Every structure is written in structure tokens, then in C-alpha cells.
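You will see chain A twice below: alongside chain B first, and alongside chain C after that.
Right after this comes the complex of A and B.
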């Protein structure tokens, strides 16, 4: 245990903690402004925005000795007896000087800059800058340079913090970005013929503290102050990166990684980042239909529970194919629902999409080959209901043999997974119920076509490939006609009020030992389910 | 003065002074033989420490002390970098040594490597010195032939290889960690310290970086002894515990408006006036001197009244200069405009700032923009305050930058304006009679292209 003094406040640090002045000041509620420092990148101490005064307190006498010069907070470790002063006149002058310097050549084109509203240069200028310009007035220049398929560079807005350059060297390991020229004529650039083109490229836009790096996918789509941010979990692969979903009026505009040291640290991949457009795809299923004597007829959601109850009760043996895109709570409720109609209903995991192999990056980041967020969570629920494993193939074989009469399939897949092969084997079933986002061969032949929802419209929990459970709430409402899968199960199970995944998870945690750790409040970064209780990765 | 005998320049002027034959005929490589025969590395470090030899590259750090910062009993390689990126404006003493007496440099380097247990040495040579490259390489080749380099040097358990590496014309490569980055093939952005090179330098291994003239002093200290070295120069000020003294001979580069510019060897502590009068033959064209740069442009300015201060490590500081620097004295005669002087100085540092730290990158660029505007007849008195604020803010001394480049940019600004303020004010009032009182920002000049 050590004591660090920040602006007169005594802060305790543990012996094994390795904090710098910025981190320890944050603990004292003091924000030390900085551009170049990022916890996930090497320290270069070059922006000089985080300069503070430092000294040491003698353990014996309690006397404080200050160092005469300013030091960068990012590079100065906080140890027992460290003293930091972040609000002296000297520190304030140095910050104002750095801000002033950065703005000499900055175009100050905030009205047309995507970063406005979440820009460090803007915020720090208001807080720490000079109140008036003292440098000569320059004509406005804002050169734009293409650096890759996903990212564009506004050259004159750059403050040369070099975070993007370090990211491509240290995390993606691709080293496309570099600094050219020297002194005040420095610019970020790429070599001819080697654009910024890697699967982590979008992170450099998040890292950019100013509006220099723009995301082509997001550029000029929204002013950031119109959007609301929601904590979410990326459903693109089984890594389950913590994300922030930025939306305005039920339209998702952007996904950003959310810091989670247990899962994705500060990063996410471009597959996930740009993989939300299907949410607003024109091809989303919104027509609720049941098979009629000739073709299909429209029905209302209010008619669905009763109609399903009649059909499923008379279909004989039932089976459920639970998609790895459903949440833990939905999987649990669907299993309960089918067992309500048929105590021996077969339950199996739906198709698990896999593409290629896991992709590892030098910054200890992995894109998983398994392109669904919750296989492990669904498997754990199924293990509770089934005891042993029932496979997709078992279910389909029993449908073909006539042993199973009613099948409930769930989707949520972005790529066709409920394919012709499955559809062929379902022809003998008396009742086929499908909940899905996009059409598929199974949907084409279903008796009940129930439009389902996308990840940003769901609430609940996913368990990632490492057994880490994260809970999240919906960010946008589903399109008219689609309905959250879980809410239908909730209603059919005659639960009171609105669908409440939180209470379902509490019940799961109390019932299924594998989910013990999910009892109580789930922090925004999730909880690790105890590893021994989890099944080994398939 | 009269008893002073030049040693560093003793061979200069001899025919074929750059060959091993001529060097050895004057007693060359006897120090190396003595060291390898009689001494242990620790003994050499002790001798150099006792001699109070301070680095000749600019900062004046005690050389022996620097060598002791290397980790003891380090199992891996230790590297030695010879800083021959002599790029401080006005400085050419390393060039003289490397062109005309490369074996003196190599002997000092080999002994220094023996002392520090370095087995590989890199000479980082500025690219503008092609003749140095040629002569050093030839001298290195001669040393391999003579058994002064390579495996088991002179039959002792000591091996050394020297590689000559050419820079690419950047001032920042003279900063020791900028040099190391450049040597490793990277952009020469100085590293943050700690760790210092003695702990983590070239290829992240313990490294010593010394200047050419510093190592050239070492053979003479070995040959002539510590008392000889201590008998030359200015002793430490007993009232100042931080003064490490200024001992030994020094190569002074005299240039500018004097009759006989050149590189002259003198005891540390000679005054600017003695240098101009005794060596330089006085100010040219019968004019009077107005000022002088004491040790390379980055050290600031001495006015003519300050010419009697000793040019030792502590002297220029007494006149608010940054220090002795490289002891490159540039004399400005009475016709020189201080506005032009400062503009040229700012232009240099703007061009050479590596661009890593915001205060240096933006401060050097802003200062040259203001001076260009002043010279274009659009100056304001307020600009002088802004220039001084830049000068007082940027640098490793106030702690706002990683390396000392911007201290070098700051000192000429501070010294020129503070020491010649009336000249600046008169110039601004005369050339901008209607606008000199303006305090609001004015329109910038079109950006000029900066070349060499």
C-alpha cells in the first residue's frame, strides 16, 4: 500500500499497481488532458499536453520536494510518496501553450467536421486554451487524403499524436501508417500502393483524438450530439466484443469498441464495426404469416399465441432448434415453452456458422471464426434441459422418421444458415415455426413465419467463446412487424408484464449451476462464468 | 598560454597526416599498446574519471561518469556510438580530426571501447562529410591490417569491430537517442528518458554515445597523464558544487567576420576576445564586433561587452547563454542586423525540429513565421513578447520537450531580443510605422517553401 498526493488529495495505491500520473489523478477525480497517451499503446510522451509538476514526499519527515521542471504525466510513474500538482499556474500556462500551438495550423472547421462534439482538441481548448487567438490568421485549408478503403485523412486537422501510427505497428501489426516530412510540415501518410487495409483499421478513427481520421462508413451521416449511446455486445463472432451502439431515432449509425479488459480491451474488428447494416436492411422480414390452404395469410401478433398453442398441442412430439444468436434468456424461455407443450420435447443447438480460422493480431486481439455470439450460452442452457446432447442431425432425423411432428426454429443469422438441406429434411413435419430476420428455404416452407429481431434490438446476455457473460439492453426498436423472440416466449409462458430478461437471468443463475456467477448485479463489462463448469470449446 | 602545446591538432598540416604511417611516426597507437599491456578496463575508466574529461559534444557531461552508468557484468553486448553527426551550425572541429587525423580518433575510440567493454562500435557520420567517410574507412581498414581491430587485438582478449554509418542530413541525429533511432533504421525521433542509453541504447542494449573530440582526448590523457590534463583549463569553482571544472585542451571553431577563421586548439577558458585577436587576426575589414555566438548557434549570443568571459563550460552561462556547446564561435560584425540573425536562426530550427513534441514543432514554426512577417515590414511590438514567451516556454530545461533541440531554438530568441531589444523595436517601428502598435492577430504571410 502506498500513498500518492494529487493536488493535495491523498490517494491510496496497491503495491502491485503500476499507474502513471494520469491514471492516479483520474482516481482523485482529476482529469489530466492528453492526446498521445493511450493505455493500449506504447508511451511516447510527445504531445506534452499532460505536463504536470511532480515531486516526492519524504517518508520520515513528510517534507515535500518538488522537481523544478514540468514532467509528462503519461511517462511519470506514481509510487509511494509521489506528489503531483496538476492545477498550478505553470501547468496551466503549458497546457494553454500546447493548445495554442496545435491550433496555429488547424483549420478550425468544426462546423463541417465529424469529430465536433467528441473532439479532444475542442474540449481541451474550451477548458485549457487561450481565450483569444494570438497567432497570425491563416487562410482555411482542409486537405483530404484517402488512406484506405475504410478510413480517410483530413491532413490539416491532425495534431501528430501518432496514436494511429503506433496502433498499426503494435496492435494490428500491419504498419501501414507512418509520419512523413519533419517539424511543422509533418503529416500522416501511407506508402504508395500500401493503403491502410486491415481488419482492425477502424480503430484508428476511435483513437484519433481530433477529426483527422474519418470513418468512411460514418462520415457525414450524423452529428454526434444527436445520437444516443447504448452499451452493447457485438454479435459478429464469438469473441463478443463490448461495444457502444450509437443510434438516433431507432437507426444505428455506428458501433464503437467499449473498454473491457476481460474481452476486447479497447478494440474491435471491422467485420463487427461495419457489420450492423443488416439491422436496417430492406430485406428484413416484417410480414407475419401462417400457411393457409392456398399460399399464406397474414395474421396479427395478438393471434399468434393461441394459434401456436392449438397447432403445437396437436403436433405430437416437439423439437426446438435454438439459434446461437438468441440470448441466454431467450434460449431458456424457448426451452421452457416447448417443454410446457411436450415434456419430452427435443432441444438442440441450431446451425453454428464458421468462417475460416481464428485470426490473431499482435496486440493480443483475436477475431473468431465462429460467427455467432452465444453458442456457449445456448449449449449451457440445453445441457440443463437435456442432460446429454441432442444434435441438429438427431432432431432432423427424427422429423424425417415421423417421430417428431412439430419443429420450432430460430434464426437471427446474417448469412443463410437455415438452408435447403435443413428445409428438405423438415418436409414431414406437421408444424414448422420459424423466427428469423431474413428469408431462407426453411422460412419459405414454414407454417408460421414470425419475423425476429437483430442484435441491437435484443436485450439479454451472451456468453462468449471464453465463457464470459455480458448483459446488455436493446439500442433500437425493431421494425414494425418484427418482434423480439423472448417477448413471445414470455407471453406464451404467461409471465406477468413486459418481457424482463433480467429476472429470467436471475432465475437461470438460481437454477443452472453453470450460471452461478450471474447471480446479482452484472457489471457493464460482464462476469466470467466459472471455467470448470463450462464445456470445453467444441 | 605561451606554454600551451597543441596535442589534438599536432599532426594536422603534415603531409599524409591521415595515414597510419604518419600517425605512428609521431607516437600514434602507443597509448593503445600501453592500455592493452598494462591496464584493465576499470583502470582506464578511473584515469578518465580522474582527468575530469567532459564531453565535447555540447552538453559537457563528465565522460568517465557516463561510462560508469553501464550495467556491471552485463552478459550481452555493449555498444559504443561515436557521434560524428557534427551538425551544429558553425562547428567543424570533428571534421578536421576525421579528415586529417582519423587515426587519432580511432585510437581514442578503441581505447574507449576497451574501457567500456564494448565489442562493436558505430561511427555515425553526417552525410555531408564524404571526405571524412573515405579517410575514416581507409583508416579503419588500416587498423584491421595492423591488428588494432578485429579479433584478439594485439594478442589480448579484446575484440572490436567498427562500422561506419552515414546519416541522412538531419540535425536531430546529433541528439544521442535520435542518433540511436536513426542507426536502428527508424525515424530519428529522440527517445524518452529514462531509460538512458547506458541502460537501453542501440538495439535496446547498453550503449555509450560520445563525441569524436571527446574520445580523441583519451589517448593523450593515457600518454601524458592525468596531472598534465588537469594543468590545462579552468578549475572548478569551489563556491559552486555543481561546477565540475573545465580541464584540458579544446578545439575552438572560429568563423564569421574575422580575418582568419579556422579551427584552433586552446586551453579551455580562453576568452572570445583572445580567440578573435590572438587566433582570428581581429574582426575583418577593420570593423568592430557586435556580438558572437559562443558555441554553435543554439547557445545564444554574447554581446561585444561580454567577450571577456572565459569560454569554458561555465563561462557563457554567466552571460545568460545556454552554455559552451561545441565551442564554435561565430563573430558578427557591427553591420549585422540582429533581425536577420534571429530570422536565420529560427529558420534553421524550424527546418530541423523533428516534430515530435508539440511545443517545439509549433513554437519553432510560429517564431519563424513572425520573423518573416517582421522582415516583410509587418512587425508588431507585440511579436517580441510572443517570441520571448515561445523562447521561455519551449525546451527540455522547462520540461516541455523530450530533447534539447528546442532549448537551442529558444536561446538565440531570448538572447537576441533581450540583449538587442532596442534594435528590434526600432526596426519594427521604422518598417511598420502604421501598424507596429497592433495587438490583434494580423494576416499571415503566404507560406514560403523552406529549403536548405
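Right after this comes the complex of A and C.
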């Protein structure tokens, strides 16, 4: 246990904590401005924005001795007896001069800069800078440099914090970016023929404290202040990175990683980052249909529960294939629903898409090969209902043999997964119900075609490959015609009011031991389900 | 608010006297006003044969125009500040990378719904490059709602029509910015 003094406040730190002045000041509620320091990267102390006064307090006499010069807070460790002053006249002057120096060579093209509104240079200048510019330099247009397929560099907006360079060296391990030239002429660049092209490249745009690095996918699409941010979970792979979904008027414009030390730290991969475009795909299914004597007839959502109830209760044995894209709550409700019609309904996990191998990066970041967010969550729910795993193949064999009358399939896959192989084995079934986003061979054969929703339109919880449960709420509303899977189950189970995933999760936590940890409030970073309860992969 | 809300103060209608019930005094009062106006100085103008005059057309807030720069290109840089400032949400811009080397961004489409606009002039005030201005054109008519949705070409043509009568209020582009005032040494 140690005591650190920040601006007169005494802050307690534990013995094993290794904090710098910025971190310990944050604990005191003091924000020390900084550009180059980032908790996930090495310290270079080059921007000089975090300069603070420091000193030590003598443990016995209590006398405080200050160091005459200012020191960078990012590389000054906070230990027992450390004293930091972040609000003195000397510190304020230093910050104002650093801001002035950065702005001498800055184009000040904020109106056309995509970072405006979330720019550290803007914020810090507003807070710490001087109100007038002494240099007689007129605003100019920033030079633009193409550094890779996803990222563009606005050379003159850069404040040379080198976060992006350190990221490619330490986290992605690809080292494409470098600093060329020195002194006032230094710039970020890439070698000829070696563009910034790796699966984590999008992170440099988030890291950039100013508008120097722009994401080509997002560039000029939307001003940041028009968008609303929603906490979400990436559904691109089983890593389940915490993300922020930025949306305006029900259109998703970008995904950004959200800090979650237990899952993705500060990063996310480009597959996930740009993997939201299918949400607004023209090919999304929005036509609600049921098979008629000739072809299909369209029906209303209000007619669906009654029609399904008649068909399913007379179909005989039922089977459900629960997609790993459904949330834990939806899987639970669907299992309950099928068991309501048939107490011995067969339940199995739907196809799990796997692409290649897990990709590991030096910064302790992994892109998983399993391209679905919730295999473990669905498996745990199924284990509770089945008492053991029933495989997809078992269920399909039963359907083929004619023992099963009704099959309910759920989708949500980006790549076609409910393929011809599955469709052919469904021919013996009397009723085939499909909920999906895109058309598939199974959809073609369905008796009920129910358009489903994408990850940004769902609410609920996902359990990632490490057994970490994260809850999230919808960011955008589904297109007209599509309906959240869970809300249909909710209605068919005759639950009161609107679909409420929160109360379903509370019920799951009470009934399934594997979800014990999910009882009570779920923090935004999620909870780890207890390791022993999670059994090896089925 | 419900009818039993304690904040509601219930009042009774005042009872009319004999004069009030006869209505005659009020009829006389009204006719007096009418007669007075028959003989007083006329203030009505026969619009549109007779055009009204303005004190200063440069500060009138009428139909918008999009200014052109020296090379005849649209001056707008698609920064969305007018759309942000607009309280009526009547401006819709699509910004894309500009085809010119000296500019980064320009509006591919710039649409103002003149029916939705409340002519407050906030867009003009927000514009960092003086690209959008309100002219003194006020007699704006159209036969359909669609006709009143002005696109970029129409807004530029308003500039072409009005530029001689109403010169651009400021000629400051990015090449003409005054050095910022400061504690010069």
C-alpha cells in the first residue's frame, strides 16, 4: 500500500500496481492531457503534453521536495511518496506552448476534417491552448498520402505522436509504418511496395489522436456529431470483441473497438470493423411468406404465431437447429418454445462456420477461425435442455428418416451456411420454419419464411470462445418486414409486454448453473462465466 | 394533465350585461374602425405588379444561393456545418472527395427543402467559407412540393441570377484569409 499525492489529494495505490502519473491522476479525477501515451503501447514521452511537476514526500519528516524541471507524466512512475502537481502555472504554460507548437504546422482544416468533434488537438486546444495564434500562417490544405488499402494519411494534420508506428511494431507486428526525416520535417510514411496492409490496420485510425489517419471506409460518410454510439459486441468471430456501434438514423456507419481488458483490450480486427455492411445489404430478406398450394403467399407478422401454433402442434416430433448467431436469450426461448409444442423436441446447434486457423498477433490479440459469436452460449443452453449434446448430424438423420415432422431453423449467417446439403435432408419434414437474413437453399424449401435480423439489430448476450458473457442492446432497428427472432419467441410463449432479454437472462442465470455468474447487473465489459461449468467443445 | 390536477385554476365565464347581450355597441365599434380605414392613407401594395422595397437587400433573408469561387466551381467544402446549425433540418448534403487538387472535399449533392426552411440565416452564419448565403428573393412559388426542394444546380443558378445585384458578402476564400489577430511582436 502506498500513498501518492496528486494536486493535494492523497491517492492510495496497491503495492503490485505499476501506474504512471497519468493513470494515478485519473484516479484522482484529474485528466492529464497526452497524445503519444497509450496504455496499450510502449512509452516514448515524445509529445510533451503530459508534463507535470513532480517531487517526493519524505516518509518520516513529511517534507515535500519538488524536482525543479517538469517531467513527462507518462514515464514517471507513481510510487509511495510521489507527489504530482498538474495544475500549477508552470504546467499550464507548458501545455499552452506545446499546443502552440503543434498548431504552427497544422492546416486547421477542421471543417473538412473527419476527426473534428472527437479530436484531441481540438479538445486540448480548447482547454489548454491560447486563444490567439501568434504565427502568421494561413490555413492550408493537408497533403494526402495513401498508406494502405484501408487507411489514408493526411500528412500535415499529424502531430507525430508515433502511436500508429508503435502499434504496427508492437501489436500487429507488421512494422509497415515508420517516421521519415527528422526534426520539423518528420513525417509518417511507408516503404515503397510495403503498404499498411494487415488485419489490424484499422486500429491506427482509432489510435490517431488527431485527424491524420482516416479510414477509407468511413471517410466523408458522416460527421461524428451526427452519430449516436451504442455499446455492442462484434459478431464476426468467436472472440466477441467489445465494440461501439456508431449509427445515424438506423444506418450503421462504423464500428470502433471498446476497451475491455478481459476480451479485446483496445483493439479489433478489420474483418470485424468492416464486417457490418451486410446489415444494410440490398439482398436482406424482408418478405414474410408461407408456402401455399402454388408458390408462396405473403402473410402478416400478426398471423404468424397462430399459424405456427396450428402447424407445429400437429406436426408430430419437432426439431430445432439453433444458430450460433442467436443470443443466449433467444436460444433459450426457442428451446422453450419447441419444448412447449413437443416435450421431446430435438435440439441441436446449427452449423458453425469455420474459416482457416486462429490468427495470433504479438500484441496478445487473436482473430478466431470460428466465424460466429455465440457457439458456447448456445451449447450451454442446449446442454441444459438436452442433458447432453445432440449433434446437428443426428437431428438431420432423424429428419431424413421421417421421424421428425417439423423443423425450425435459424440463421443470421453472413456466409451461406444453411446449404444444399442440409436442405436436401429436410425433404421428409412436413413443416420447415426458417428465420434468416439472406436467401439459402433451406429458405427456398421452407414452409414458413420469417425474415430475421443482423447483430446490430439484436439485444441479448453472447458468450465468446473463452466463456466471457457480454450483454448488449440493439443499435439500429431492423428493416421493415424483418423481426427480431427473440421477440417472436417471446410472443409465442405468451410472455407479457415487450421482449425483454434482461429478464430472460435473469431467468437463465437462475435455472442453468453454467450461467450463475450472469445473475444481477452485467457490467458493460461483461462477466466471465465460471470456468468449470464450461465444458470442452462438443 | 388531468382535469383534477391541482395546478388547474377553474374560472367561470363572466356574465354579460345588457349592452353585451344586445351586441349593438360592438357592431357600432367595428363599423367605426372600418369607416376610419376607408378614408385613411393606403398602406397596401398591389403585389406583384408593384414590387416592395427593402432597406438593405444584403441582409434580407430570402431564398438561399450557393456561391461559386473564382473558377466557377461550387465554393462549398461539404463540411456539414450549415446542416448542423439548421434548426429545421432542411439541408441534406452528400460529401465526397473532390476532383480538384486544391480541395479535399466537395458536395456531390446539396439539397435544401425550401418548404421546411424557416429562413433563420443560421446556415449562412455557420458557413466557414461563405458558400451559402441568403438572397433577397422572397416570392418563392412552386406547383408541387418536389419543385420546392432545391438541388445544387438550382442553388448555383440562384447565385448566377443574383450575383450582380447582390455581390458576395465576403470575398474571403481560403486564399484570402486575414492573418489571425494575435500578440504580434
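A few comments on the model shown:
We take it that the second predicted complex is superposed on the first by the 533 of 538 C-alpha atoms of A that agree within 3 Å, B and C clash if a C-alpha of one lies under 4 Å from a C-alpha of the other, contacts with A are read in each partner's own complex, and residues count from 1 in each chain.
The rule is short, and it goes like this: contacts are C-beta pairs under 8 Å (C-beta built on N, C-alpha and C of every residue); 3 or more make two chains touch, one makes a residue touch a chain.
This structure is a prediction, so every number in the text was calculated from the model and none was measured.
Contacts of A:66 after superposition on the shared chain: neither chain B nor chain C is touched. Judged by the touch definition given at the top, the superposed model places A:144 against chain C, while chain B stays out of reach. Of the two partner chains, chain C is the only one touched by A:112; chain B is not. Once the two complexes are laid over each other on the shared chain, residue contacts for A:261 go to neither chain B nor chain C. Applying the stated contact rule after C-alpha superposition, one finds that A:97 touches chain B and leaves chain C untouched.
Of the two partner chains placed by superposition, A:519 touches none, neither chain B nor chain C. In the superposition on chain A, contact of A:136 is made with both chain B and chain C.
Between chain B and chain C, the partner in contact with more residues of chain A is B.
Legend: residue contacts after superposition of the two complexes on their common chain; A:225 is shown touching chain C, with no touch to chain B. Residues 133-134, 136, 138-139 of chain A contact both chain B in one complex and chain C in the other. Contacts from chain C toward chain A in the complex involve residues 77-81, 84, 95-97, 102-105, 128-129, 174, 177, 179-185. The residues of chain A lying in touch with chain C in their complex are 109, 111-112, 132-134, 136, 138-142, 144, 219-220, 223, 225-226.
Residues of chain B touching chain A in their complex: 170, 187, 189, 192, 350-359, 361-366, 369-370, 373, 386, 389, 393, 396-402, 441-445, 450. Listing the residues of chain A that touch chain B in their complex gives 43-49, 51, 69-72, 75, 93-94, 97-98, 100-102, 104-105, 133-139, 159-160, 179, 181-186.
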